Amino acid sequence: MRVLFRKSYKQDIRLFRDRTQAFWYLLFLCIALAAPLFLDGYFLDELSFVYIYAIAGLGLMILTGFSGQVSFGQAAFVAIGAYAHTILLSRYGVPWILSLPLAALITGLVGLAIGRICGRMHGLYLAIATLSIAIVTERLIGGGGDFTGGHRGLPVPGIDIFGIAIDQSWKTYLLNLALFVGAILMTRNLLRTRSGRALIAIRDSEVSARSLGTNVAFYKAYAFFLSAVFAGLAGGLLAHAFYYITPETFGMGESIRLLLMIVVGGIGTIHGAIFGAFFIVLLPTVLSWVKVLLPGAIATSGGFDSLAFGMILLGFILFEPDGLYGRWVKIHHYFNVFPMYKRRSFQRQKTFLKTERLK
Amino acid sequence: MSWLEVENVSLAFGGLKAVDNLSFSVEPGKVFTIIGPNGAGKSTVFNLICRIYDPLEGDIRFGGESLLGARPHEVINHGIARTFQNIELFEHASLLDNLLIGRFRHGRFSPLSELFFLPGQLRQELEHRRKAEEVIEFLDLEGYRHARVADLPYGVRKKTEMARALVASPEILLLDEPSSGLTTEETDDTAFVIEDIREDLGITVVMIEHDMKLVNKVSDKVLAINEGRFLATGSASEVQDDPDVQAAYLGGEAA
Amino acid sequence: MTGLSFADAIQLLLVGLSQGCLYSLIAIGLVLVYKATEQVNFAQGEFMMLGAFVGYQFIVLWGLPYWLGALLTLVFMGGFGYGVDALVVRRLTGQPVFTVFILTLALGIALRAVAGIVWGFGNYSLPAPVEGNLTLGSVIIGWSSVLAILVTAIVASGLYAFFRYARQGVAMQALSLNQLAAFYMGIPVKRLTSSIWAMSAIFGAIAGLLLGPVTLVSTQMGFVGFKAFAGAIVGGFGSIPGAVLGCLLIGVTEPFFDIMFPTFKGIGAYLIMFVVLLIRPEGLLAQIYAKKV
Amino acid sequence: MSEVLKVRNVETMYGRVMAIRGVSLSVREGTVVTVMGSNGAGKTTILKTISGALDPFKGEITFKGKAITGLDPDVIARTGVAHSPEGREVFALLSVKDNLMMGAYCRKDRDEVARDFEKVLGWFPVLREFLDKQAIYLSGGQQQMVALGRAFMARPSLMLLDEPSLGLSPRLISEIFAIIKRINVEEGMTMLLVEQNASVALPAADFGYVLETGRIVMEGERDVLMNSADIREFYLGIKADSARGDRRWKARKTWR
Amino acid sequence: GPQGVTEDKITLGSYTDLSGPLAVWGVPEANGLRMRVDEINAAGGIHGRQLEIVIEDMQYQVPRAIQAANKLLRRDKVFAMVGALGTPMNLAVMPQQLEAGVPNLFPMTAATEMAEPLHPMKYAFFRSYTEQFRAAVAYFHENGGFVTPCVSQIANEAGESMTLGVEQQLHEYGMEIVAKTEHAATETDMVSSVTTLKNAGCDIVFNAGSVKDTILTVATSKKLGFEPIFVTGMIPYMDAVAKAADGAMEGLYLVSPFVFADVATSEGEAKRILETYAETYGTKMEPQAQLGYIFIDLLAEALEAAGPELTTEGFLAAIEAINGYVDPIGGQTISFGPEDHQGVETLILARVENGAWTVAARGLDY
């Protein structure tokens, strides 16, 4: 068992706790960077999806996991990002390198406006309000006529950065990886500084957050802004991965999938968003492998995928409410203390609910 | 140094007059204690000062400036920090993070610097951390630094809340029943802590308290209220000798 | 709103009323569970869908007489609701409500798949409880809509009284406010919670039996649940009169909105909800209270 | 007098933390027993384990001769244990009246309930003004009264009281302990009382236990404990002026 | 050789909705595809090669479709994609699919883009939604005529394409849509839409809708005493619609590029297929299943013609050479050509009579 000795305050502030941790994360990064050397296009594309979803997930994590505002409308922000990016590229000929941040910013501003409006709503009210935003956005984009391409959608131009076409799996992979790492770092930075702490304070107790000087309405809107920026970024990248976007692409189902993603990953942690993205993106692939082993009648019956997805989620929430990351921590602990591990270390003690209707 | 002045303040909840034309003032560098029976309106007075409620009438001034124009989150910028009777901590964060949030007023909103962790950030963070550590040491909380607040025993949580208010380096500290739920021994410690807060840190303390031993030990001035109205004021012993206070608050076997 | 005659207006009003009542029935199921346990059941729409399918099984596939089939459906769904809580939701006792609401999302996905596997993914027709239309001058309203209005009125007032006056009703609210204390009082928390889920599933089934004949029964029919959510939110989530009020408001204004913006039919409900929440962030009959510190 | 409650060698964990480590205690019928101990000693944990809110990891609890270890709290409550929890735990949005009536949820005898209801209001006359007020909006002390009254309304054979004096005014504290004593004497009700404020709790009790970091370190009849030097110094604060006074250093407890 | 082709096997791929909102299309389609594949394999395959079809469930979500296609193209290495469902999905998948040299055959959507712009590897089966509605407008313009044409549209891409057809064809006659309503797929009440149409005095309503909304619109109109001609597209072409709402659907028209055959009125090979399907899958052969069957049959025809030395070019040439193929179930004629990558030649008009669809006219066009 490794015991951590803290020698300086910086240790708690720096990106990595100690050298061992830094080593592992850098090793992961190197492997990820080298992946195009040993993985074929199929896996690279899958991983690209993981990265993009993780970016959107990090945004949602900031909003839901850290500031405690449940949003069912994340896909609407993804849609706005995707549309803004595509329209900027194809209609206004904005260079890619500008168009993507601009799209993210536009989405962020929409998020800010919505956050400002929804700032006074709590819990379920906010969830349903954001859900309705998702529904209404889909219809509005659909009704946008030629500008948005209506329900029939828009083709997405290819990626071109300073004349270099990003048109192969390994190139998009690296691009997505870079932005993914950037998004992680930003989230991490947010969490170790003042604003991030303000978000967590608001989540746990608005009254005392206020008594310590947090302008609750402002920071709630800020959380919406950041979350929308991330979603917009993911939207821009997704647009390229989709080649063609329609309003239906970013429907309510997508919002729910994003929310489920961060829960399965482990709500309230950065790892959670990433693990969740792996889960959501790779599950269909895994299911299709599993299906091959099953008797034909089951595998070919309609509904199998949905049922499996629903059941796996149910199982997760029932048996591991802390999500994949929670499980990971336990496994990690197991090896850390190896011979001394006791099952009961992680047994859940009975807990009881108290009303959340008091704000 | 500032004075906290509460002047003819009233507040009603429905038909119930929770605070009724109440006035008092707190001198800088003193420990001012409010006592009174349950439901007298003591916590409500704190809530009025912290702008959680709007008084129906009257004025609340700090350092000569009216607080009534401030929004709840701006109160701390005047140098007023508080604790809560029922403990309002950030349950899912560590004790250290709770204290760092307490440093909130000592910083500016600078999104770019934060998101990209520009060089100045590290310096600021270290500064906050040093301040938090001072308070941790001051209140003997070393052992719990990285523990999740939700898992701490009641007494430690009470202390944590006091610590969180202290890291904000306020000029005046409002403590709502600092000793409730503590043992005799811990209450004694609290007395020393309050003395240190006043003497070493130079912070004025306004305290609501039921433990008369503690009140006697630390208060410079005591205010007794009942049903939102003024009852008596003066030194601890003067107030306790007041027959009205005896009847309404202390009861037969008073200290 | 050009050319909207008085008769049309009355017609739309009546239709809105009966739609509002259908939403209310689903919303009542939602609010019931919330009021008694503070859990939010995102699978309520799927409960409705399942109720319709079970009714289809009894009445159409097995050819039972309508009312017998309907009754059996309600009994079955009651048992189902009880089971969902006893076997699944109960395991999450003490977890934050957010967890339960994610759980029910997952449950909804699974239930849709199960229904599709058992009954198929097609559209199936279910007979209406009552046939024919009530004609008042030029205004026409189906008897089944009238029935929907009646059922909603009875259910809503019954439940209101139950929560207000019955000991169990108060106990249910108590357990939603503070589960531990409710346990300490000797309130059979687990049994009451499961019963509430059973009741809510029954109301879902009633809604399903009423809606099934109108829109056909299919795995997708549960999505109307979102409008019920909007209605319950408008009313103030957690209040039974609020749910009815909110759903009626949405039900009645929606058709007029649709007439005004014929190419945006369907989003009126959400816009109305948004406007209400802007003015009153906690709904019309607010169920969220300021904490005393 | 028989032992209504017997706790044998109970251990309770919170995840990896063991909060009480092999505690045994017993409560005889008709007596008031108090458990004292500093913060985090595990007093609340013991009470919660007895009333079933926590599952013990080890050990056995019997109530009126029947094993109640690990049962659901409502089942235990129906066998006659009423728990007035730490932190009051009133039903925040229910009226004071409904709060009190919920205490009597399991009772069928309406007339008796009505009489007990009056009795409670007699002890806490302020509550009468607030019968229709939502409990959350009472002051801290008023909520404490509701919690106590609510536990009494169950007419249990054993009352578990967790810090009933928390946040009460001195006058109310003495009144409440007088009431506790009265309930004990007049109604013959057995009580297990957890208190920080030993100076009021111990005199009201017949027997006492002292708990330190999850272990019982001392037990005895009231008078024995009242005369123990450590108890006097650390829990009763009686010698405060002479022994500790304004000194900041702390004396060592001899049982450590 | 091309990917997905070995000595003894040809792998085909498809992605469709097996558990999402369009499972009502996807599940029977998948069955139909499999049924014909199994038949061909039982008869010894094509030029000694067995057919294999891998069908992925994308739950009508674009991201899932992309992932499914990624797997089909790069893991399963399919030779061709057949019967892939959904316009947005096909549009999203096609760029990389065509890039990879995998033909997109007979997608289960009637969007114009499935055949246009002309691409050597894109072959559509249907005539597009837009064309279906142009033909519908043309037909009713010639047969009886109308004064106030209206549209009731579902808020999605198919609905929009259908409306476009109405607009274009009306334009030919110098007319315009008089009133248009638009609704989401989840609506449960259409009174407001119908009132709008009624007040506009519509004498023909082109119902650019899906299944449930079509039923609701037509039934509600009848209830409110508003009885214009209702014409819809191919999507509601199913039994449940004809039988819905106690006869309220009587007289509903529909324009479709395929014929939904019924056992009762079929004979010969068609009857055999319908009966075998009913036996194997336990339900009546839905139109989507019939289509799935025909897609594979058509594809097999081309494979057969392409000869034992199978190359993608040879295969594509064989498809282009298909001329006058008559589908074994509904009897529609299908032809392709170098400039014509869209199979079905003419449209049919069906009508609900006595709770069942009957073909009222064939050879519709505009």
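Some points to look at:
Order as written gives the chain letters A, B, C, D and E; numbering starts at 1 within each chain.
Keep in mind that, in the parts below, a contact is a pair of C-beta atoms (placed from the backbone, for glycine too) under 8 Å apart; a residue touches a chain by one contact, two chains touch by 3 or more.
Computed from a predicted structure; not experimentally measured.
Considering every other chain in turn, the ones in contact with both chain A and chain D prove to be B, C. Looking at chain A and chain E, the chains that touch each of them are C. Across C-E and C-D, it is C-E that has more C-beta pairs touching. Distance between Cα centroids is largest for the pairing of chain B with E. Chain centres computed from CA atoms place E at the largest separation from chain D. Centre-to-centre, using mean CA coordinates, chain B is 29 Å away from chain D.
Remark: chain B and chain E have CA centroids separated by 72 Å (rounded to whole angstrom). Centroids built from CA atoms put chain B at 40 Å from chain A.
Rounded to whole angstrom units, the spacing between the C-alpha centres of chain B and chain C is 47.
Those residues of chain C in touch with two or more other chains are numbered 112-113, 116, 121, 177-178, 180, 183, 226, 263-264, 266-267, 289, 291, 293. In chain B, the residues that reach two or more other chains under the touch definition are 43, 52, 84-86, 88.
Contact with two or more other chains is made by residues 139, 143, 207, 301-307, 350, 352, 355, 357-358 of chain A. Touching chain pairs in this entry, ordered by label, are A-B, A-C, A-D, A-E, B-C, B-D, C-D, C-E. Contacts from chain B toward chain A in the complex involve residues 50, 52, 71-77, 81-82, 84, 88-93, 96-97, 100-105, 107, 109, 111, 114-117, 121-122, 124-126, 129-130, 133, 164, 168. Per the touch definition, chain A reaches chain B in the complex via residues 9-10, 12-13, 186, 189-190, 192-198, 200-201, 203-205, 207-216, 222, 268.
Against chain C, the residues of chain D that register as touching in their complex are 51-53, 72-74, 77-78, 82-83, 85, 89-94, 98-99, 101-103, 105-106, 134, 136-137, 150-151, 154. Taken in their complex, chain A has these residues touching chain C: 70, 117-118, 120-125, 127-129, 131-132, 135-136, 139, 143, 207, 252, 256, 259-260, 263, 267, 301-307, 309-311, 313-314, 317-318, 321, 350-359. Put simply, chain E touches chain C in their complex at residues 19, 21, 23-24, 26-27, 153, 155, 179-189, 191-193, 195-196, 199-200, 211-212, 215-216, 223-225, 238, 240-241, 243-246, 283, 286.
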